[in-house]
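Pasting a structure below so you can have a look.
Should a chain be cited, it is by its letter among A, B and C, assigned in written order, with residues numbered from 1 in that chain.
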Amino acid sequence: MPLLDVQDLHASFVIRQGTVRAVDGVSFTLEEGESLGLVGESGCGKTTAALSLLRLLPPNGRIDSGKILYQGRDVLTFNAEEVRRFRWKEISIIFQGAMNALNPVQRVGDQIAEAIRLHQPISQKEAGKQAQALLERVELEGRRINDYPHEFSGGQRQRVMIAMALACRPRIVIGDEPTTALDVMVQAQIFELVESLRKELGMAMILITHDLSVLGDTCDRAAVMYAGQIVEIGPIEILFQSPCHPYARCLLRSFPRLQGPRSMADSIPGTPPNLIEVPPGCRFHPRCQEVMAICSREQPLLLERGPRHNVACHLYGKGIDDA
Amino acid sequence: MTPEILRVEELKVHYPLRSGFLQGLSGAVKKVVRAVDGVSFSIGEGEVFALVGESGCGKTTTGKAVLDLLEPDCVSGKIEFLGKDLLRMKTMEMKQFRRRAQMIFQDPYQSLNPRETVYDIVSEPLAIHRLARSKADRRERVAASLEDAGLKPALDFLERYPYELSGGQRQRVAIAAALIMEPRFLVADEPVSMLDVSVRADILKLMVSLRDRYRISYLFITHDLALSWVLADHAAIMYLGKIVEMGPAEAVIQKPLHPYSQALVEVMPQPEPRAGRTRTILRGEAPNPVQMPSGCRFHPRCPIPLPRCNEEEPALQELESGRRAACWRL
Amino acid sequence: MATLQGRQTTWSLFRANRMGMAGLILFLFFVLVAVFGPILWPYDPMEFGSPADALQPPSAAHWLGTDDMGRDVLRGLIAGSRVSLVVGILATVVSMSVGAFVGLVAGYLGKGVDAVLMRFTDVFLVLPWLPLMLILAALLGASLWNIILVIGLTGWAGTARLVRAQALAVKERPFVERARALGASRWGIMGRHVLPNVFPLIFANTILIVAVSILSETTLSFLGMGDSTRPSWGMMLHFAFASGAISNGAYWFLVPPGLCVLLVVLAFTFMGYALDEVLNPKLRRR
């Protein structure tokens, strides 16, 4: 049984102009200790999907339908107390932009200790000691538990976020663009740290990013999202070397490689669709170079193409030969 | 031999830090932030020169200094644009300079006045430099500039406000506003880092096509080596206010000589599976520019320091033809 | 990512705000009274009634009774609305103009200019406004225009501070830097880029200043510094007090002008707060 099994998740949120169908039929599985990348451009619904797993949507958001099976139990049926115990103990999240997620007027050690004590009945002192140990685990000095967030650099604050996310030794860690706005060197350090901690603690990870290129160092598998849906999901080698979905291929080409030719591929024409009024059929069809007649009529299903490799595209549908 | 558009010699940008009252009384040495500490390079006509580095290295400050957008008291050195020294220009000459040298900013969401229409924004330079003969002429030039920047049909965009446009479109408006003055030189400060990945290529290709058509030179400031790889003719890598390596972009990126350049190239994320990638990930972060390390600025983080690196700062020396690096090992 | 705040949505947001709409309706009511009232129910302050008619309680002939000079209170109230509103609004225009100019120049030019202008502003902030107004009014003479000037020239300092703070913030935004890179002049940038972006943030403050100006005018007139040829509500209060209306129990002379001042000030205050909420998204209730 997979550790996490998301089945046909639908989530939306309401704004003045209408209802945004941010997550519109997303399904994927995550095994113990596996790392999955969720990649897509801004507005594709990846953050909403991740927040749904923790049931942390904003007040104007809601989960419309679907199942989130964690070790076989549907998270969406949990009552408030079960959700509280589930959050952070089983699955935690490293937010983007630590400065927004850390309380600026509370010492860093206290914030970590608070997270610990919410799930373990231990004393303040004991939690403080664990917080110190955690800081050292993330390569910061233990005595800095008494420092405030503004006394750390950007990269160091992300390390504090990581320490907090690991405080209760969850089975799954979600990283929501954890290194955006950090320098490449610091980014590499953070990923190296997360990887080593992950291996050591046997955690699974879902890494959300818009930057396809960071997946190579961290993920076993990746899912490419577009307009609220997963268009392709599979092992990272396949996604980098021979992606099937036209959008996945375009996305890959947008990242120039240092070993490749000194040229840029074309941008994808058009803009991502408005998630309030989605186009009929395949969401990507207005921008697709390989569009066919059926694409504007029917939405392609996410079908298996290889071992744990699924694609949602009519080019690979039933009864159509490989292109 | 292409004519030189810009020549920079020993450019320094030093910001004084306000010392406390007591420190001032005791006559302690005033602390100074050496954002840029002796940078020299030149850019030829139609050339794309990439200035690469991480945050805090001084690349944006260099870009702004070169366009005289900083406090004059903090800037010293020589900046020659088309042979004339920028820091000694008179007002009339400055105005001419502003026509010929423009900047594209990083944040397309903040670099346009939200209360002005696209027409207002793009026509402002015409008013400042009195370039249009009549209202009709102005309108025509604005439309032509918008089309040059890829916003077609231009008439559709004239009455729109920035909030109605996407990030890529806003950046094109900013480019149109710069283009309308027929500049020779553009400083592009991370022009695509805030745009969606799938849109970046279009803007970059636009910049290249403008270079080809109008022989515009670029100072392309970026933290992304991959962009320098596809765009730049020459590249300079900066660390803590100094250039540590400089040369033809291809050579610098494929065969970096300085340990920092090497680390930067190795650590660059690439869309490739990780198996078999060896990387030197540097420890720690760049120090605060107020507390500059002794000797070579990079030595505390260098994976292969020599004893000499702690004592003396290496100068930028010419190694092979056209390639320079500042390192005692070379 | 397009933002939602276009010019057209400000009004619809305001419309949804109950407090703001209540204030607006009240304000419009008084505007109608001020504009059309004196035409339909003319009032001549020089037309005294006979002493026997003085301080008569409300009756069929005089709905709100008569004042100490035998004049109709209701008509006086209607005429007074014009004076109070006009003085309040014009004085605000003066005070906002001076304050905005000083704040803009100080905030954008900074350094020496800022230091000098702000010390000057501080003086005006610290001076007790009431004695200052009284002295100026006494010096200049109590005509309507002088009253407007006096209120405007004593009240600009707060606006100057506010505008300066906003100008400092707007000045750092990239589009201002871009305008400098284009070669725009300092005054060009201030007028074209800084002022339009500061203005919406101070507009709410402007509305509140009108309320303060009306109160200032009422206070001045109550203390006897008003223009007796153009009586405002404050002047009515002054005469009410002076003629002993309280001890005589002539509530109809004392209460209505006071109530009118209260309602108008409330109207502007409601609108000001509502506008602040609309224009400053952080204040909006979720």
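Heads up, the rule we're going with is that a contact is a pair of C-beta atoms (placed from the backbone, for glycine too) under 8 Å apart; a residue touches a chain by one contact, two chains touch by 3 or more.
Keep in mind that this is a model prediction, so the values were computed, not measured.
*Asks:* Measuring from CA centroids, which chain ends up nearest the centre of the complete protein set?
*Replies:* B
*Asks:* Select the chain at the greatest separation from chain C, using centres from the mean of Cα atoms.
*Replies:* A
*Asks:* Applying the document's contact definition, name the chain pair with more C-beta pairs in contact, B-C or A-B.
*Replies:* A-B
*Asks:* So what's the Cα centroid distance for chain A and chain C, whole Å?
*Replies:* About 54 Å, centre to centre.
*Asks:* If you average the Cα atoms of chain B and of chain C to get two centres, how far apart are those centres in Å?
*Replies:* So the centroids are 50 Å from each other.
*Asks:* How far is the middle of chain A from the middle of chain B, if each middle is the mean of its Cα atoms, in Å?
*Replies:* One centre to the other, that is 33 Å.
*Asks:* In chain C, what residues contact two or more other chains?
*Replies:* 1, 4
*Asks:* List, in ascending order, every residue of chain A touching at least 2 other chains.
*Replies:* 42
*Asks:* List, in ascending order, every residue of chain B touching at least 2 other chains.
*Replies:* Expected reply: 166.
*Asks:* Name, in rising order, each residue of chain C that touches chain B in their complex.
*Replies:* Residue positions touching the partner: 1-6, 173-175, 177-185, 188, 192-193, 196-197.
*Asks:* Could you pull out which chain B residues touch chain C in their complex?
*Replies:* Within the complex, chain B touches chain C at residues 67, 69, 94-95, 98-99, 102-103, 105-107, 109-116, 124-125, 128-129, 161, 163-167, 174, 177, 181.
*Asks:* Tell me, which parts of chain A touch chain B in their complex?
*Replies:* That would be residues 41-42, 153, 155-156, 183-189, 192, 210-218, 236-237, 240-241, 250-252, 254-259, 262-268, 271 of chain A.
*Asks:* Note which residues of chain B are touching chain A in the complex, please.
*Replies:* 54-55, 166, 196-202, 204-205, 223, 225-227, 229-230, 250, 253-254, 263-265, 267-274, 277, 279, 281-283, 285
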